Every structure is written in structure tokens, then in C-alpha cells.
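Here the chain labels run A, B and C in written order, and each chain numbers its own residues starting at 1.
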Amino acid sequence: MERRASLTLIRGGRVVDPSRDFDATADLLLEGGRVRAVGRVELPADCEVIEAAGLVVAPGLVDMHVHLREPGYEYKETIAGGLAAAVAGGVTSVAAMPNTRPVTDDPSIVDFVLGRATAAGLANLFPIGAITRGLEGKELTEMGLMKEAGCVAFSDDGRAVVSGSVMRRALEYSRAFSTLIIQHAEDPGLAGCGCMHEGLISTRLGLPGIPAQAESSLVDRDVRLVELTGGRYHVAHISTAGAVAAVARAREAGLPVSCEVTPHHLALTDEAVMGYDTDAKMSPPLRGAGDRAALLEGLARRVITVIATDHAPHDRDSKRVEFCRATNGVIGLETLLPIALELVRDGVLPLKECLAAITCNPAALLGIDRGTLAVGAPADVVLFDPAEVWTVDASRLHGTARNTCFDRRRVMGRVKLTLVGGRPVFREGI
Amino acid sequence: MSLPREEILLGSDQTPGIIADMAVRLANDITRPDKRVVVGIRRGGAQLAYLLRQQLTPLLDRELPLGFLDITFYRDDLDTIGPNPVVGGTDLAMNIDDKRIILVDDVLFTGRTIRAALNALFDYGRPEIVDLAVLVDRGHRQLPIQPDYAGVVIETGEREFIKVREGEGGALTVVRRFL
Amino acid sequence: MRSTAFTEGSGSEMIAGNSAWSKKHLLGMEGLTREEIGVILETASSLREVNHRDIKKVPTLRGKTVINLFFENSTRTRTSFELAGKRMSADVINFSVNASSVSKGESLYDTVANLKAMNPDVVVIRHPESGAPQFLAHHLDAAIVNAGDGRHEHPTQSLLDILTIDDNLLRLGRTEFSGLTVAICGDVLHSRVARSNAWGLATMGARVRFVGPPTLIPPHAAEVFGVEVHHDMESGLAGAEVVMMLRLQTERMQGGFLPSTREYFHYWGLDRRRLAMAAPEAIVMHPGPMNRGVEIASDVADDPERAVILDQVANGLAVRMAVLYRLCGGGRKG
């Protein structure tokens, strides 16, 4: 083992820290796993130096929507495997969804998950607890005890909380602990047996479609319940123009409503399903061009403030089947940064705003002291080359799963070094 | 790439005489005109069959039934015909059981077309006799098949193309093409 | 029995379109050119003659292996392909996979891996899920024929329908498809036959209408297929020269698409009165099997003057022979 200097200086990079509205060439001094100074720093004695000229130095990314398949589905991905993928993508904090087996609906499961993450020693894991026991949409979980155990939000993700009364009680009860309720907004009755977005492509392919209204109608209802209850409500993986409009209205009215969008919904449309590509199958489905445009506009207008991956690893057999029978989900941790940077390239967001959506904004919603380079904050840092062009190769990703919808895509922006608590956990070429 | 060289072997002024001569030889051999049927192999033998039948009519004092045979589905070279074989369709309206068939094709070369035509013919019935009449016998047989009536016998190289073309008024021209 | 729209010149002339087939698979009508459709129909026209002989067999596909892989019960389509293969002298093997045994274990991928070992030349697949033939084309070297996938496509049905319409063009007072009005009526949403015919007939130049209750018309149908959509039979049948009725699956009542077969027949069933709204010589088609009294009245279905439903069956055999021939034959080595 190499001896670690307790001091690390990251020298001469472009430091972009949206949490403090900071964007300048600067040095970053880390000590004892925390940020000690940002600015012009004299080289102290016994200090490891990392030259960052030409690189962007940013807070480690925060992905508030990740599926780690442990416990229960280790053949798809383990916690250690998922966290390896995270740090390779510059993600230093992940919020893990509770749809494991058993479901994270009890403090003991929270303990187990946190123990596994600590053992892996890679990215930080922040568990999200289930809203209802077994994700069955009926009885509320022990949100207070689970929050004490470490849960940062609650969600039945993978399924919607369908019952209006259950959602009402969840939003009400969560207020006692000021915690966030995250909804997978899809009306299962309206979605029916649909396996892709209902539109021109579904009709051409002869696949049953899911209308956009399956999402927007549930978001509309939930916003009414927020009016009623005052609970903090967050729409996971928003995908439709109608739902964006509903969130925009709620935010204008000052309601505690927020939402996130995935890189794949920003970058792709239902055209990607042509040829029945099961790696383009997820829930919610890839939408039409009009919905995609509304998502980009929602980001630009700050209606959507978070980009999260909905990273959903699956084994090969779950995807190597007929389209309708394929499991929903795509991985995204390792492509989060370059796909997000396409927004900068395309003029949708300036770099600082773009990074805010994957650092301080989600951290603030979850109430965690991450996604910032403020002095005293944990030294979670990512260094990336914003100009390096590379080609995504599913077979060379760092996690276990291979189900990316961006295979063979030419992208720009590559992670060079990821530090968690000041410790290098991923290094590529520097 | 130079254009293929072409040489006319028999002009449209020469072939009618040859066909007339074939008809005379055929007519001399025909003992049971009531049993005779002319069958042309598509596509090259069709026009020759028509012309032969025309010449036979005054000689026999009757018009023999005329049929056409498409052998596309009987060829033994499915993978090598080229990408898109032309299917012309078979038109054998008559019953050929116990008939004496005059099978007609334009050029006799390897014998494979005739083999296929015989197979096809026997799927329609059981003729008593099959005679083979061709305008040109160019040699290079690969099967034990010989013509009963050949208009002309021509010495050819194996890689030459011998084509029979139908000109205006239906007269035939025989050309040799070099690659 | 020559086809009207595809035959040009005398028998010894080159037939237009006969040189246009270049597809390795037949996965759907979408994307087929008019020339490619012409090639299949022209070949089928020639092959029809084989089916009327004493010896109903040609040696064309001797030594070729055709596997019929059926994941749905369909005695008609399977026997049609089986007979087509046998009449072309191919070795035909039938695999009927019960959908329930699929759910018990073997995946489509495993089935494909097993097929691979048999080195087939053609695999004919019928499957309840849209896209299954594409899956096979991706994983197998054989030529794939889609014999119906989910609600996606059923190209051989469309080809036989086009051939049947072609046979009747003269009686409809036409020499080509251009301008011909075809009404496809009933459960269009769940119908692969309707989708394939919408593509195929549009390529041929016909004007296609979808006629049915709003719950059974696919979303965005007009935009995707370039068809006219009608929700009532009166306007949908007005002037139609071909009336193509679709099978209504009774499961649709449970799915909430329709309240009852009684109401369905009342508003969208084809009876004498409704047929009278179509063009005077209009022909009636149905891909089978028919639900008499649900989508079509028996006296219409059995009317020899108007219904060409049995001609469709006969043409189906010839079309499938032609498809097998074109996919096996001709220059695949090059």
C-alpha cells in the first residue's frame, strides 16, 4: 500500500463549484478527507500534488436515482459493482432505490446496505426507503426509524403509489421528518400492457404503447395532494411535456414540488426502439420528439433542476428476449457526465448550471452535505477533461451490467480522477 | 472494359429456310399426327416452337397443339442462376398422356435445360415419345442428351455465348458473343 | 391465370420487376418496393399452375430445409407454409411451441440456439410478440419469414390479399391498383393483417381506409400509414371496391375495447345492407378464421359473387411457395 500524504493539492484546474457559484482557475487543497482551501494555495510541505491544468475540477457527482441490485438480485449487479461504475463515472454519492429483495422497507435492510457500501469503499451510498411495505402501495413504512438509520428520501420507485389516499398519507406523514417523497409517476391502469411510448413508432412496430397521459395525469393528481398536505414531492424520471407543465405550475404556485430527468430521456426519443432494441426499453419509456423538447426546455427554465440516471442494471438474459418480454431499465452511471455535457455543447445550460443538476441540486433535495467544494465539506471531487472525445463501449464499462442505450455513441467529456473523502477511487490516464 | 464482340452466325434471312427444312424432316417422320404435340421451352424455345408449328401445319394438313414449358422450378442450379431468375409460367392446356411430344429449344449446349424440361414434362403426364428439336447444336454436352432434329451444328468455344434473338416479324437471328 | 398488374408483354418477354428481389428476409411489408411485391406475385402466379396438376410438386427446393416455428396455434398458416415447402420439394420441419412451455423455461434465444444446430435455410416464424422475427434475423443465418408477429405484420397474408385483389382488378373495371379504394374494417388495432396491408396496398398505389370503432383504430394511424380513418361503416364503405373484414377476437370484450359482440355487429358488422353501400362490384375479403355473425354475416361470407375468401386461401399457398423460392433461390452465393 502506498503511503498517503494527509494533504493533497489539485493544482491549476478550472474549479467549477455551482454550490458557491464559483467558476475560476484555482487550486484545491484537501486535508484529512475534507476541503481545506480553494483559490491560490501555496504548496505546503509533505503534500501530494495533482496537476489539473486543462481539466475541470468539480464536486463529485450526486446521482439521486440509482438501482443497486443487492440484496436479492446480485446476478444483475452487486453494491460493490454498482459503486465501481459510479466512481468510474465521477459519481461519488448515489441514492439507492429500495426495490431490492427484500425491499428496503425496514431499518435492518438500511443497515445491511450501508454496511455493504462501507465495505466496498468506493462511492457514498445514501439509501432511499420504501414508502409502503413491500412496495405494495398499502401500508406506510417506518419512515422516522428508517430516516434515523440513514434513509434520505422515500419512494416506491419501479411502481407508482397509485392510491390517492395512500399518497395523501405518505405526503402528510413525511412532513413529521421533513423528508422527500419520490413518485414513479405512471398510472398502471392507463399504461396497461404497454411496453413503449404510445406514438407513431409504437403503431409502426405494432407494440402496445403507454400514453404520455399515464405520467402527466398522476403528476396532476399528486400536485393536488401537495396542495392538500404540504408534503415535499419529487417526480422521478419525468418524461412528458404534460408532467413538466404540471411541475412548472406547482413551482410557480410555490409548492414544494421538484423533479428529475434522466440522460436517456434528454438524449433519445422513441426512435431508438426501432429494430426492437431491448436496451432502449425502460420505464418510463423513451418519448416522442415533442416531449424531449419539453424536457430540454424544462431544464433551461429551471423547472427540472436535477439530472439523475435511473441506473438500472440487468443481466443479459433479461434483455435477450422479445421486446415486450424484456425487463425495463438501462444503466447510466458511467455515461451521466458526458450526456449531461451535451446540454452544454447544445446551449441548453451553461456548464455551471449543468453541473448543479448533478451535484448540489440533488444534494439539497436529499439534505446531504455533498455536491459542494465548500471549505470543510467532504473531499468528494471529480476531475474531468471536458474536451476529450471517446466512444461508449458497453463491453468496457466498469460495472457488471452491460445494458446501456448509449453503446457506440460518440461523446465528449471524460472522467480522469475521482476522489471520495480525499481518497482516489478511480483514475484514468493521470 | 471493352464491349463484348458480337458476330452474326445466321441472319434473319437464313433462319426461316433452316426452320422450314427442319419442318420437312419432322413431317416425313410423323406417322401419327393426331398424337403429336409441339412444346416450346421458355423462353428461348417458345418462338421457335411457334414457327415450327406454323411450317408443319400445311405439311400435315392440320394444326398441331402448341404448349409452353417453364422449367425455372426444375433447374439444378438454384444458387447459380443469378439473383433473379425470370419465371415465365407453364402453359400446357392439353393432356400429354400417351402423346408424341416435339420438345423445342433454341440452343442445345450442356443438356441440362433439356434434362430439367423432361423432368417437368413428366410431372404433367406420361408421353409416349419425346423428340428433341433445336435450332442450334453447339456441342459441349455434359449429359447423355442428343437432338433428333438440329437446324445447324456449330463449332463453339466453351466460354462463348450463342444467343438466338427474335427480330421484327418474329424472324430469328443467331449471334455469337465473345467475353 | 396470369396476374393483371404485373404481366407485361408476351410470355417470352422479360417481365418487369422480375429482377428486383434482393431481400434476405421477409419480415414485413413496410419497406418492400412495388417491384419486390411484383416479383413475389409474378412468381406466385406461375406457381399456382403447379397446384392444379396431378403431380403437385416441383423439385426446386430439393435439399433445402424449412423450419416452421409456431408459437401460436394457427393450423391454417402452418399447413399453408408446410404444403408450400413440400410442393417445392424442401424438407419441412414443424416446431409448434406451446406458449405455456415458453413461460416454463426455454427462452426464444435458447430455441434459436437449438435451431442453429439444424442449419436451416429458411425459418418461418409465428409469434405472439411483435419483433420476434427481427430477433431471429439477428441471431440466425437462415432467411426468416414472418408468418405473423404480435400485432406488427403478417406479410404473406398481405401478399396473398394483393394477389387476390389483382385477380379481380378487371372485374372492378381497373387495370392497376392506382386509385383503387380498399376499406379495412374492424379490429385494426390488434391486426397485423391490417398493418401489412396498409403498407403493401399503399405501396401498390391503392387508397386505404381503416374503418372501425375508435377504440380499435391504432393511434396516429392516418399519419403513420397514410390511410383515411372512418368510425362508421356508412362513410367507410362508400365507394369501396374492396371490403376487407378483420377477425374480432372475443377477448376484446374483457379488455374493455367493446361492450358486446351484439353492439359490434350492429354498428360495424358487414351484412347485405352495408355491402350495398360499397361500389357495385365490390369484393369481400377476410383473412380467416371468420366469426360469422360478429364481423360478417353468413350470407355475405358465402356469396360466391362477392366473397373471394376461398380464393385467398388458394392464393396463400402459391404466395408462400413463391416466398420460399425467392428466399432460398437465386444468387444467394453471390
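In the analysis below, a residue touches a chain if its C-beta (ideal position, glycine included) is under 8 Å from a C-beta of that chain, and two chains touch if they have at least 3 such contacts.
Given the structure is predicted, the values throughout are model-derived calculations rather than measurements.
Undergrad: Among the chains here, which has the CA centroid at the largest distance from chain C's centroid?
TA: Following the centroid criterion, the farthest chain would be A.
Undergrad: If you average all the Cα positions, which chain's own average lands nearest?
TA: C
Undergrad: Once you find the CA centre of chain B and the CA centre of chain C, what distance in Å lies between them?
TA: Result: the chain centres lie 39 Å from each other.
Undergrad: Quick one: chain A and chain B, Cα centre-to-centre, how many Å?
TA: 77
Undergrad: Chain A to chain C: how many Å between their CA centres?
TA: Comparing mean C-alpha positions, chain C is 47 Å from chain A.
Undergrad: Residues of chain C touching chain A in their complex?
TA: Where chain C meets chain A, its residues are 30, 107-109, 127, 129-132, 134-135, 149-153, 192, 195, 218-221, 223-224.
Undergrad: For the complex, give me every residue of chain B touching chain C.
TA: That would be residues 42-43, 46-47, 68, 70, 72-75, 78-91, 119-120, 123-125, 166 of chain B.
Undergrad: Could you pull out which chain A residues touch chain C in their complex?
TA: Where chain A meets chain C, its residues are 198-200, 202-209, 211, 275-276, 317, 320-325.
Undergrad: Taking the touch rule as given, give the residues of chain C at its contact with chain B in the complex, in rising order.
TA: Spelled out, the residues of chain C in touch with chain B are 2, 11-12, 14-15, 18-22, 39, 42-43, 45-47, 49-50, 53-55, 57-61, 88, 325, 328-334.
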